[in-house]
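Please find the structures below.
Each of the two complexes below includes chain A, the first together with chain B, the second together with chain C.
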Partner chain A sequence: MWKEKRSMNSNLIDKITAWEPRAVWTEGGDGMFTVPADGFHDLAGRLLSEGFDFLRSLTGMDWGEAGFGVVYHLEATATGENVVLRTLTEEREHPVLPSVCDLWKAAELNEREVFDYFGVRFLNHPDMRRLFLRDDWVGYPLRKDYDPAQNPLRMSNEVSKDSSPTYELQSDGSYIRKRNVLFEEDEYVINIGPQHPATHGVLRFRVSLEGEIIKKLDPHCGYIHRGIEKMCEELTYPQTLALTDRLDYLGATQNRHALCMCIEKGLGVEVSERVQYIRTIMDELQRIDSHLLFFACLCMDMGALTAFFYGFRDREKVLDILEQTTGGRLIQTYNTIGGVQADIHPDFVRKTKEFIAYMRPKLREYHEVFTGNVIAQERLKGTGVLTREDAISFGATGGTGRAAGWACDVRKRHPYAVYGKVDFEEVLFTEGDCFARYMVRMKEIEQSMNIIEQLIDNIPEGEYQLKMKPVIRIPEGSYYAAVEGSRGEFGVFLESRGDKSPYRMKFRSTGLPLVACLETIARGTKIADLIAIGGTLDYVVPDIDR
Partner chain B sequence: MSYGDFNDNEYIERMIAELRDGGTNVLVGCLDELIEWGRSNSLWPLTFATSCCGIEFMAVGAARYDFARFGFEVARASPRQADFIMVAGTITHKMAPVLKRLYDQMADPKYVIAVGGCAVSGGPFKRSYHVVDGVDKVLPVDVYIPGCPPRPEAMLYGLMQLQRKVKVQRFFGGVNCQIGEEEYEELLRRDLTAEKNDLNVEGEEKHE
Partner chain C sequence: MHALLTSLMPLRLAVFIECVIVGVCLLLMYAVIAVVMIFMERKVCAAFQCRLGPVRVGFWGLLQVPADVLKMLTKEIITIRRSDRFLYNLAPYIVILASVLAFACLPVNKGLEVLDFNVGVFFLMAASSIGVVGILLAGWSSNNKYSLIGAMRSGAQMISYELSIGLSILTIIVLTDTMQFSEIVARQADGWFLFKGHVPALVAFVIYLIAGNAEVNRGPFDLPEAESELTAGYHTEYSGMHFGLFYVAEFVNLFIVAGVAATIFLGGWMPLHIAGWEGFNTVMDYIPGFVWFFGKAFFVVGLLMWIKWTFPRLRIDQILTLEWKYLVPIGLANLLLMVIVVVFKLHF
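Right after this comes the complex of A and B.
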């Protein structure tokens, strides 16, 4: 699979070197182009017009002596072509790079994240505030020379500012600092969160209202920013596995699957057929678990408390199956490098089949109780529309993208495990409203059950785990692997210098693009609809903040 | 659960001895028992969760584990109506002042339960630059429930421990009047001035 990708790239390599002769192709892992910062924006614009409309991942880097930089993973949604670019600046005191948020909207929050982590300022970015950390945070934590003693626990309350700095590029190449007003003096701004039952965790919004219509929405992240990416740099590869489960805890197995895949790709290890089957089934069980929780929570947010109990009742059945094999209810810590932690329980096959037989009629019950309900229909249909173009530009994958008509399922785009062999339908809607987002997930439960049914009786015999050395060293280079998480593409970007721990580990959050597109969706809707929109976007906050 | 089933009875015995030190008036003592019986069986939690443990907390509230059996079912979204706060999940540097504010908004008598490794000690994220090593650095904790995340049964056990603690407290002259009015005002004043000092108003320009 990996070889195929490289041959596809050779054609593209020629094209890119023709557009920007200074771009240098380097092998090593997936391989990437190094583009000088002053020519980067033009090349990026060129790539966008050539169809590379999906910015999969944007990663800040500290290359030490070589300076700070950013790695961009781009994909053309029409052709499925992928390209990896990087640009860097040698300046360590006041690093500055061109912003690409005018090309891909996904860059907006991601560039703020890079600023927060590394202190790289992006020129022409409208809003250069920190994304996760407090405004009074000293230093930039993901820099290699960061000293944690600078930041003791501050118990003072944070003051939210109504304006943000922005750095504008002048014609002579210098830049000036300007002030960008977020909320005017006389605007009516209300605060939602971080402690609010409908934000699904500790997300916070500041919303400007005109009557009850939302005029502007400013999301504040970071209330559960745990610094996982920095922690990974000090851990050995097997140790890093423990942290991914706790990112998006409703996609614990999938997250860990992505990390294991990325490390296995770096090592050049092929796992056995049996492992592939088990991983696929576990991922799908996890997806059912997550979508049932989505159903339960959305219903609860909208006042249908009975449906909440239904969803949780059936979710417990999935958890029982997972627990029997993995020992964990919510967090399974099941995948390992080269396999899975333990073989499946003798009752696993029988119980899974029983669950599917049980679940099918229950889904009909859900539709009778909630989907057909006139209140639910009125509140969900036509509210919070996200267009296909915006979904791609923001990189809002998962159910949100598919509800807008974007076929963004990683299981179809880049088949991994045994997804290439099973027959399932990618659920697509075109409306892009709350109801479509809700229906995508309900239909995906059925598809997940179809996938499991095709596999459950045919799990091949074999090893469930490869013997790996306790200390793993990955050959120098950078690697990216992605899976379809419960709520979108979950990717792992890994840069190795041949050590026993990663030089940089970045997790492509499934939730951050969903928060980024929230402003676009919610503007012009009523404040009460924000709850339905947030519910159907189905973000998990620790996954946004990492 | 019967008394013998709990395995930390020495702690509660010691607490009872401390509380009962000096004796109790028969009338007030009987009234106390009645009030504490009622209070311990209608403890209302604040719906507060930052991460994974919150999902298990929801599971405890749902049909299979059903904490309504013990009187916890009225989860309140407003801290002003809640009796105790389940700190379910990691507390980060950015969240800590918010959590403190939530706690301050709750009415006395109030209790704190630290749920899961992160709230107990920082858990797997102990060495992170942005995680508070245990919520007891910020709030006084009554019950610790270890686990990552704790099983729902463990959460129920922890909740019942809190009930036991509430049951032996004294309402009259006990939890409600732990400090005098003057002392309270002094504490309040100290709190306010501390806040003013740390407010990093000039922080904005410092690192630009």
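Right after this comes the complex of A and C.
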């Protein structure tokens, strides 16, 4: 099942080899091209002009002797073609690679992340600061030869710099370091976060204001960075599952679904039909849960405190259903490799049906109390517009992308579980403003209920869990699997060397692109709009920081 | 009382003691109203939000607010470094002073009012607008960027909406041709101005409610302290009773707005009289005046709370647009309409 979907069509392989003869195709898992660093930027530009406009994932790698590198997952939004590229440099002391942030805006924060983890400097990247870790961090933690003893707990304050370094290549092959000024001396810069009611977690923006109008915005991530990707490298595959629930806590089952899918794909395991049904229903319940919380929090951010409680009241019902089967409310730890933790509770089907019958009229109530309100409409309509081109370039998937008219639903693009069999509509808007982002999610609640209704009565009999060995070894190669999380494409990139733990595990964050595009959306709007924009982008911070 | 005191001591001392007693009573009533208002707010918003509100402390949670007051009184007042210490400490008292002065103008019952003179309405508006100075000072002296933005917002907002309040009250003044509160109430003996002045009075009432809501910085006009934007706006840096003073003043200001609405639109302490229904009027007269006053005032408070707990917050430009492009022109036209109504004696 996986092979036919993922194998690249040979036509594309031929084309790429024609453009860049030094590019080498390697099998192993999904398979990928290895492109030398000096020719990479040209090839990337070529691919972009050929329609590969969506940078799905950008992963830094330490291949030991082979050097440092980056793996790029590209997709053409028009044709749905996928290609995986990698480029690397053997230099271990001062690794330098070409930046692609002029081609895909998504690369901007992702390359900062690679710099932060591996110390790879990207040429012509305008802002080569660390993304998650402190500026005075010693060494680069995801390098294989990193020594944690270099970084004791520091008790000093971290001072935010007002400028960022950038590296440019000289004609003689050396590169020079330049400064980019972020904030001028006399600018009125305020901190929104890390402790702020409207950032939904410990995220911090430095915002330069002119009166109420936002001139510039600089996101600071990493306040709840836990190094989950690094931790995964020392855990066995079943152990890594415990960490994914802690990423996007409103998409706990979906995240874990993606990781299980990726591992099962590596192992070549097919899970039973029953498991597929259960996973799909659970994912959709989780999505309803997340969107209800979105509604509640957006209302609170906008000052409509009563509607906030309505959302929470109804979300409680979803959590009760989830709790009955999985034992967890926020963190379910339900999916396992080859199945799910436990069979569904005997009351599950009845309760889920009751919930759907209960929820439909409540949605109408939401629209009466908030959507139709003249103030809400004035505040949301026309503010914070993200164009379709920007959404794709930033890789802002999920409700944000669909509100801008980009059909980016992984459930439609790469159907997994039983999404290929159910009939549901991908909610699309074209305005790209806050109101469209809001409406996408409200409509998706209905669609999720439709999906559950189609499946809930037809859950086939069968095993809920395949017998798996306690120590799992995945064949050598790299694998990528993605699900549609509550707020976008959640992907897992796994590179295996045949050991019992992964060589590199990377989670494509759903929230990082949303933070990346915030500057573009919010520039020129007012502080109050920033809150509305942040609310409708619906990022979850532990997922950004990982 | 006055006779008793003057028989015991010189006149000046007697007057002084009377003033002190009146002042203490006023402050006591102020505090009681604040407690009642806070409790009402918590219960009302709980009802809107499918919650119970405070239920643990005392019967039905009645002792929750007194307990909170005690807690607030015992908390440390933190003065922050690099703030303008004098103005920082002064600001909450300016706010509370304005609020108490305005509160003193409200006629609670027949003859039961502290300040009552021929330009009472003027005095009330002048006194209540001192409050914005305190808020601006609080924002400025805190040396906090959020506070400053909050203060600027409240400056823009409160000064703008003062205009609408003035216009809508002026509309009623045209009808009554007096500015003395006791007189205004007395003239509503045969019907409340809301009904007597028909269309222009009704329009003025609606404008007054909107502007009054904005004047006391409550949702949907709670921009100066917009929690989700500016954490707590102008009083971010205040703690203990200094914060408590802002908090209390906000609630009592809401009551004052409602009380003024009750006085000039709904007849104040005057019972509901319908001309010609003698029996009905006599029954209504048995209900004491302060019950009428508080009943009407809390009815208006209830209206404003309903609005606050239902609507999302406006944005600063929308607030100013609403005021300068809609409320002020409508208020001016309405004033003109009322003048016409009065000149041609079209009112009841």
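Assorted remarks:
Simple rule for what comes next: the second predicted complex is superposed on the first by the 541 of 546 C-alpha atoms of A that agree within 3 Å, B and C clash if a C-alpha of one lies under 4 Å from a C-alpha of the other, contacts with A are read in each partner's own complex, and residues count from 1 in each chain.
Simple rule for what comes next: a residue touches a chain if its C-beta (ideal position, glycine included) is under 8 Å from a C-beta of that chain, and two chains touch if they have at least 3 such contacts.
Just so we're clear, the structure is a prediction, and the values are computed from it rather than from any experiment.
Once the two complexes are laid over each other on the shared chain, residue contacts for A:249 go to chain B alone; chain C is not touched.
Look at A:126: by the touch rule set out above, it reaches neither chain B nor chain C.
Of the two partner chains placed by the overlay, neither chain B nor chain C lies in contact with A:238. Contacts of A:378 after superposition on the shared chain: chain C is touched, whereas chain B is not. Shared-chain residue A:212: touches chain C; no touch with chain B. By the touch criterion defined above, A:151 reaches chain B but does not reach chain C. Legend: residue contacts after superposition of the two complexes on their common chain; A:529 is shown touching chain C, with no touch to chain B.
More residues of chain A are in touch with B than with the other of chain B and chain C.
Of the two partner chains placed by the overlay, only chain C lies in contact with A:306; chain B stays clear of it. In the superposition on chain A, A:197 contacts both chain B and chain C. Taken together, the two complexes place residues 196-197, 308-309, 313 of chain A in contact with chain B and also with chain C.
Considering their complex, residues 132-136, 138-139, 141, 146, 148, 151, 153-159, 161, 165, 177, 194-197, 201-202, 222-228, 230-231, 234, 242-243, 246, 249-250, 293, 296, 308-309, 312-313, 315-316, 329-331, 541-542 of chain A touch chain B.
Chain A makes touch with chain C in their complex at residues 188, 190, 196-198, 209, 212, 299-310, 313, 369-370, 373, 375-376, 378-379, 526-529, 531. Partner chain A is touched in their complex by these residues of chain B: 47-52, 54-56, 58-59, 62-64, 77, 79, 89-90, 92-98, 100-102, 124-125, 127-132, 137-138, 148-149, 151, 194-195, 198-201, 203-204, 206-208. Interface residues of chain C facing chain A in the complex, by the touch rule stated above, are 45, 48-51, 145-146, 149, 153, 219-220, 222-223, 226-231, 309-318.
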